[in-house]
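Look at the two complexes coming up: chain A is in both, with chain B in one and chain C in the other.
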Partner chain A sequence: MRGAYLSYAAKRLTQAIVVILLTYVFTFVVVSILPGDPITNVLRDPQNGFTEDEIKAIVAAQGLDQPIPVQLWTSLSHFVTGDLGLSMRSNRPVTTLIAEVLPSTLILASAAFVIALLLAVTIGYGTQFLPKRFGQGLLRGLPSLFLSVPNFVIGLALIHIFGFQLGLFRVIAPNSFWATLFAAVALGIPVSARIAEVLIANLDNESEQEYAAVARGRGLGQMRLFAKHLLKPSSLPVVTVIALAIGELLGGSLITETVFGRTGIGSLVQRSVSTQDLPVLQAVVSLAAVVFVLVNLIADLVYPLLDPRVKLIGGPKYRPTTADDSSTATSQAVTS
Partner chain B sequence: MASHDRLTTNTLTRAELVAPVPLRPIPLLRVNGLSVSYGPNEVVTNAEFELGRGESLALIGESGSGKSTIARAVLRLLPSSGHATGRVAFDGQEVLGISERGFRPLRGRAIGFVPQDPAHALNPVRTIGAQAHEAAALLDEPDRAVRKRLILETFAEVGLDNARRVYDSYPHQLSGGMLQRVLIGLAILPRPTLLVADEPTSALDVTIQKRILDLLTRLQHDLKISLLLITHDLAIAAERANALVVLKDGIIQEAGRTASVFAAPASAYARKLRADVPALNPDRYAALRDTGIRALKTGAGATPKIKVSAVTKTFTVDGKTLTAVDDLSFTVPAGTTHALVGESGSGKTTAVRLLLGLEQPDTGTISVADEQITGRSPDELRSVWRHLQLVYQNPFTSLDPTWTVEHLVREPLDRFGIGTRKERDERVREALADVGLGEHLLSRKPQALSGGQRQRVAIARSLVLKPDVIVLDEPTSALDVSVQADIVEVLLSLQVNLGLTYVFVSHDLALVRQLAHTVSVIQRGRIVEHGAVTEIFDNPRQPYTRSLLASIPSGVAGAAHLPHPRLRQLATAD
Partner chain C sequence: MTLASVSSASRVAAISRLTGLRVPPTVALSFAVIALVIAWSLAPGLFTSHNPVVGVPADKLLGPGTTHWFGTDHLGRDLYTRVVYGTASSVTSALIAVVIATVAGGLIGLLAGFLGGWVDIVLARLVDVLLAIPNFLLAVIVVTAIGFDTTNAAIATGVSAVAVFARVMRSEVIKTRQAIFVEAAFLMGGSRRHILLRHVLPNASRSVLPLAVLQFGLSILVIASLAFLGYGDPPPASDWGLLISIGKDYLKWPWLVYAPAFVTIATVLSVNRISRWLRTTD
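What follows is the complex of A and B.
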């Protein structure tokens, strides 16, 4: 079993690396065949005041006079070693620029993710055990409400209420604890809605299963029934949703950063797009690809750990035991 | 076991169950005026019964009779739409009206629950051990290692050979019989005084059914547990319970000591239930069954309709070769029924697939009505399939839920392009009439039909092409005993009227005894014994056949042999 998992994990990891490299190549090719030449545009910008000879020297030094495949190869080999080149505007290494803003975005996104998860699970628990007269129906409507409100509206509302009215945080200090927390809430709410929708549907299904009744008959209370029995099988499909929700976190963080006035990947992208700073954009796209691929890799690796029934491709298959006595129920168990 | 049973019944009070006598000890479970409704529909009306300490009581009825609902109401596990009124006293304490918080200490500790379908009664993503610890937590034992030892001991007690492996397994890695043992183990682990078993064996094979029931009976005596057994099989109930409660449409028809209810049922419904149990009435359809044979003997002579000779089929699973069918040979004379009997995994299903040409054998030949099945492509087999039809095991999954009855029955005619539109309409009505279904059902969808009606539709669907041979793959195993009796009757009269030849696949020997003429007993893909049904059943030579026969519930506590002369007498008295 362990061997099967490791060989499965190795296979998935290899696939992930291939996908990242292909994404890099794809972005590179798309940028190369786009009309216009941003690089020489920048160099020929009269404000920079390069002479023709200097431009030629720079182009030669950067290898920009080489054919596209050779440029791609050079760029790719640099990328693999972690060298993302120099920003065309600030002339500083792209890695440094990203390293400056990445922690802020990471903190925001991971806080938002934790909030989204907590919120979704709390809503899920409520829909199962909150008595009808205490507004279970209201709780079930919450995810749709969360989804239909854009996150910048939530952000502005939070700033207005907690920043200006209650004075919990100061809008001009966007990196303070409270400011970060509310930014994360604004970002996490729509993400939690997606997770909660799938979670509620699965909890409803699981709590009707015979094993839930049997477990209650065994004397389990609500909390333990939820935590030990219902949550794990219900979160299997949620894992896939979470992997997709991370994308939403990335996209949403650009907007949230703007609304809350934080510096982060969002502000970096914004600046780079407006100045056509290609190396930075190429790096950010590759970074997004890496995050996506990693998250999906984690989802793929977690899934077999959560669900023992998953058959791992490449490893030895599970076989139901036929010792002692067998029955039709076995085949039902295997196929269902 | 037999002497043990008698001993218990003799020492217990003979007082009438329904009429309480003053100064009697408080019964363990007492149900008074229990009514249960789902929304506006009342499914149980005014149920009353008592279960004494160490005693066993069976609730009997068809599906929809409310027997499981009563069990769930006693366990307080009704779905949220269910509402129960009345009184349920456990050990003298009212438990229906109290809060969930007040009832929870009784769950597991005092009242254990063994569910119907073991395959879905354990959490599929947690190990057996993790779930066993929930039951062990009800014991007042602080040390986890001790609790684990108790779990392993209990697993051994319920007959699980490799307790340690079971402990580490996930549910899907164990067979249905093993899972039911696990569930019984988890239920008895906290040593409850009452065990509620809701059709604990209806999802299992006959031989495993017997072992599970034996286990329950033994535990009940060893641990002095009271057993509330829910079943649709009167024979099982009579064999395992001291008292019976017969239910129909949520209303108790009859209740009393097993001996009296079983020997002389007062209500018409209880009499019908008893008459419908194949094991108790082996010759119920003898007249119908033998008409076919007599007609055959006076007719053109017994030419075999089906010839299977030396057929072998192997599959390769994970690099291992598995022989599913090994040197299988049998012939079926026209107009008779041949039964293929064996446990799950014995190769019955593969044999059916080979017979229908859905699978080609490695060696050997099969011919049906002088047409070769083996070595032909599906296109070439189309003409054969007009004469060779299949009725599938489960009518709840074999009919497209979005189609009407008319569409379902008509489809084969459309597929084979038979007759004009008008002739097809005519033929559909004819086939429905043959299986005893009225024309008013033509526009219904399967969802609006009962299980018995669905299986009739499935039979009509196979009849509509006027086939000579019908393969019946456990056609009644998904149905209640009383519905099963109806279907058997339909099948037998069709055989007499239309001269059909049946191959009947089943693990239920009592049913085979009722309707088949010849039988092949299959074990691990090989025929271990074959011949006329009466001969095999009266003089089984192979131990495997004997064990299959012994697992038929007889309705008599401790009895292992059939047919019981007195029971036969009782049955024919109806």
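What follows is the complex of A and C.
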């Protein structure tokens, strides 16, 4: 078992590293097919006021006079050492730019994640214990509704109701407690739907098991039954959606930060898109991929340790319900 | 009102007779919503007498009422008319996205699953890369690369969904390949191409249909988000996402956000309901 686990871990680790490097190459290719010549467009923009010599110096410093494969190789080897290059607009290191805005996004995303988890567990609890005809059907439809609402609409509705009507926060102070909280709610709601879907399916499955019937027969209260007997086994498969949720939080922050006027990774991306600041875009996408791959890797490595029913190679197959079969690498790796 | 309900009830009966299936009322309602949306996009002129581009300045920012169902915007244009005329672009772009995702993803999955070996390994890594970039971020990067307009936003949305389809198609193809009837076809001397087109593809694509329907709803949302950020066609286009984006600057007149948002949500919700129904009836 131990040997099997170690070789599985080694395999997943190399796979993760390969995917990260390939993602970098992929982004480089996509970004370098930009129409026209954005690089010289930016540099020759009279607003920037670069002289001809400065332009030459910048082009040489960025290595832009080299052929594309050479550029890719230098860029990739810098990336491996953690050097993300210079921003084309401000000529400052991209790492500094990202470090400046990262805390704001981290606060928003982690708050959103906590809200998403709380919401999902609450919905899950409701689907097990509310009366069938009234609350339950409504709650079971909730994830589907959450996934049908554009998340900027949730943000705008929150601003309209709590900002304009109730005056809880002011849009011009986007970093105040209430503004951050509501931004996190807007970001967290679609994510909670994904988690809730998986959670509900597994809760339904667990509550049909014999041990749940025994626990009920022993006269256990709803809260105890839910927390001790149903939630724990049901939340294991949720680990597999978490990587997906992180990706969604990153993507969603683009919109949410715009709606609430916050600075962060999302607004940095938006600014870089409008100014075609390629090194910044390349860096953000690569970092997002690194985060996604690492979280996925951790989920894959931790999962077999958490759930003794999962056999890596051979053995009886136990298949937890994951988001859907197409969503994460985990379901494939764990159950194959 | 009675007339409408009678006709829709008889239509439901007709549908259920046609398919021999019992259609739940929510699914029937969803089909009705989609039918209306399709009608809006095909013949917007039939549903409204106002002009979507030219407004009456004196009537600006009126609340919803009998003459203006969704109210009017800051230029005095009827919002309902704007929504109806924006439908074609919103629906078509979502369709483009679905077609790209299904065809490209399906092809990748088909080749990977059927050929196996190094083709599978190479394509699997490509899919891993596409999955590693958050969906929306990927769409933003691609639309930046190919330029800002609604068609490009649709293409970008399609590209960002390729991986999901490739994954599902690959696993379905592998499942079908191992089926006994495929083995029999091989033994009877069927060529690879014949087996691929005649046996594997039709069987494997069956589970792709609900996914494609689901993706249609998702694409509407992603394209609306791209339009919201200003990566689609500029005004006077009236894509749903763009209408909401314009409305956000007039939150004192909240129907400018809520009315197009309501149409978007109703459409996506209906599409998702139909997709779930397809999955369970299959």
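Here is the rule we use: the second predicted complex is superposed on the first by the 248 of 336 C-alpha atoms of A that agree within 3 Å, B and C clash if a C-alpha of one lies under 4 Å from a C-alpha of the other, contacts with A are read in each partner's own complex, and residues count from 1 in each chain.
The rule is simple: contacts are C-beta pairs under 8 Å (C-beta built on N, C-alpha and C of every residue); 3 or more make two chains touch, one makes a residue touch a chain.
Just so we're clear, the structure is a prediction, and the values are computed from it rather than from any experiment.
Colleague: Who does A:219 touch here: chain B (first), chain C (second), both, or neither?
Modeller: In the superposition, A:219 contacts chain B only.
Colleague: Just to be sure I read the superposition right, which of the two partners does A:307 touch: chain B = first, chain C = second, or both, or neither?
Modeller: A:307 sits against chain B, while chain C stays out of touch.
Colleague: Scan A:211 for contacts with chain B and chain C and give back first, second, both or neither.
Modeller: Once the two structures are laid over each other on A, A:211 reaches chain B alone.
Colleague: With both complexes superposed on chain A, which partner does A:30 reach: first (chain B), second (chain C), both or neither?
Modeller: Once the two structures are laid over each other on A, A:30 reaches chain C alone.
Colleague: Of the partners chain B and chain C, which touch A:20 in the superposed model: first, second, both, neither?
Modeller: In the superposed model, A:20 contacts chain C only, not chain B.
Colleague: Considering only the contact definition stated at the top, list the common interface residues of chain A for chain B and chain C.
Modeller: On chain A, the residues that contact chain B in one structure and chain C in the other are 325-327, 329.
Colleague: In the complex of these two chains, what residues of chain C are touching chain A?
Modeller: Touch residues, chain C against chain A: 125-126, 128-138, 140-142, 144-147, 164, 167-168, 171, 211, 217, 221, 224-225, 228-229, 231, 241, 244-245, 247-248, 251-252, 254, 257-258, 261, 264-265, 268-269, 272-273, 276.
Colleague: If you look only at chain A, which of its residues touch chain B in the complex?
Modeller: Result: residues 208-211, 213-221, 224, 228-229, 232-233, 236, 306-309, 316-334, 336 of chain A touch chain B.
Colleague: If we count contacts the way the header does, which residues on chain B are in touch with chain A in the complex?
Modeller: Interface residues on chain B, with respect to chain A: 72, 75, 77, 79, 104-105, 107-109, 111-113, 115-126, 130-131, 134-135, 138, 160-162, 169-179, 183, 186, 190, 203-205, 207-208, 211, 317-318, 343-345.
Colleague: Enumerate the contact residues on chain A facing chain C in the complex.
Modeller: Residue positions touching the partner: 15, 18-20, 22-23, 26-27, 30-31, 33-35, 144-145, 147-153, 156-157, 159-160, 164, 247-248, 250-252, 254-255, 258-259, 269-270, 273, 276, 281, 284-285, 288-289, 292-293, 325-327, 329.
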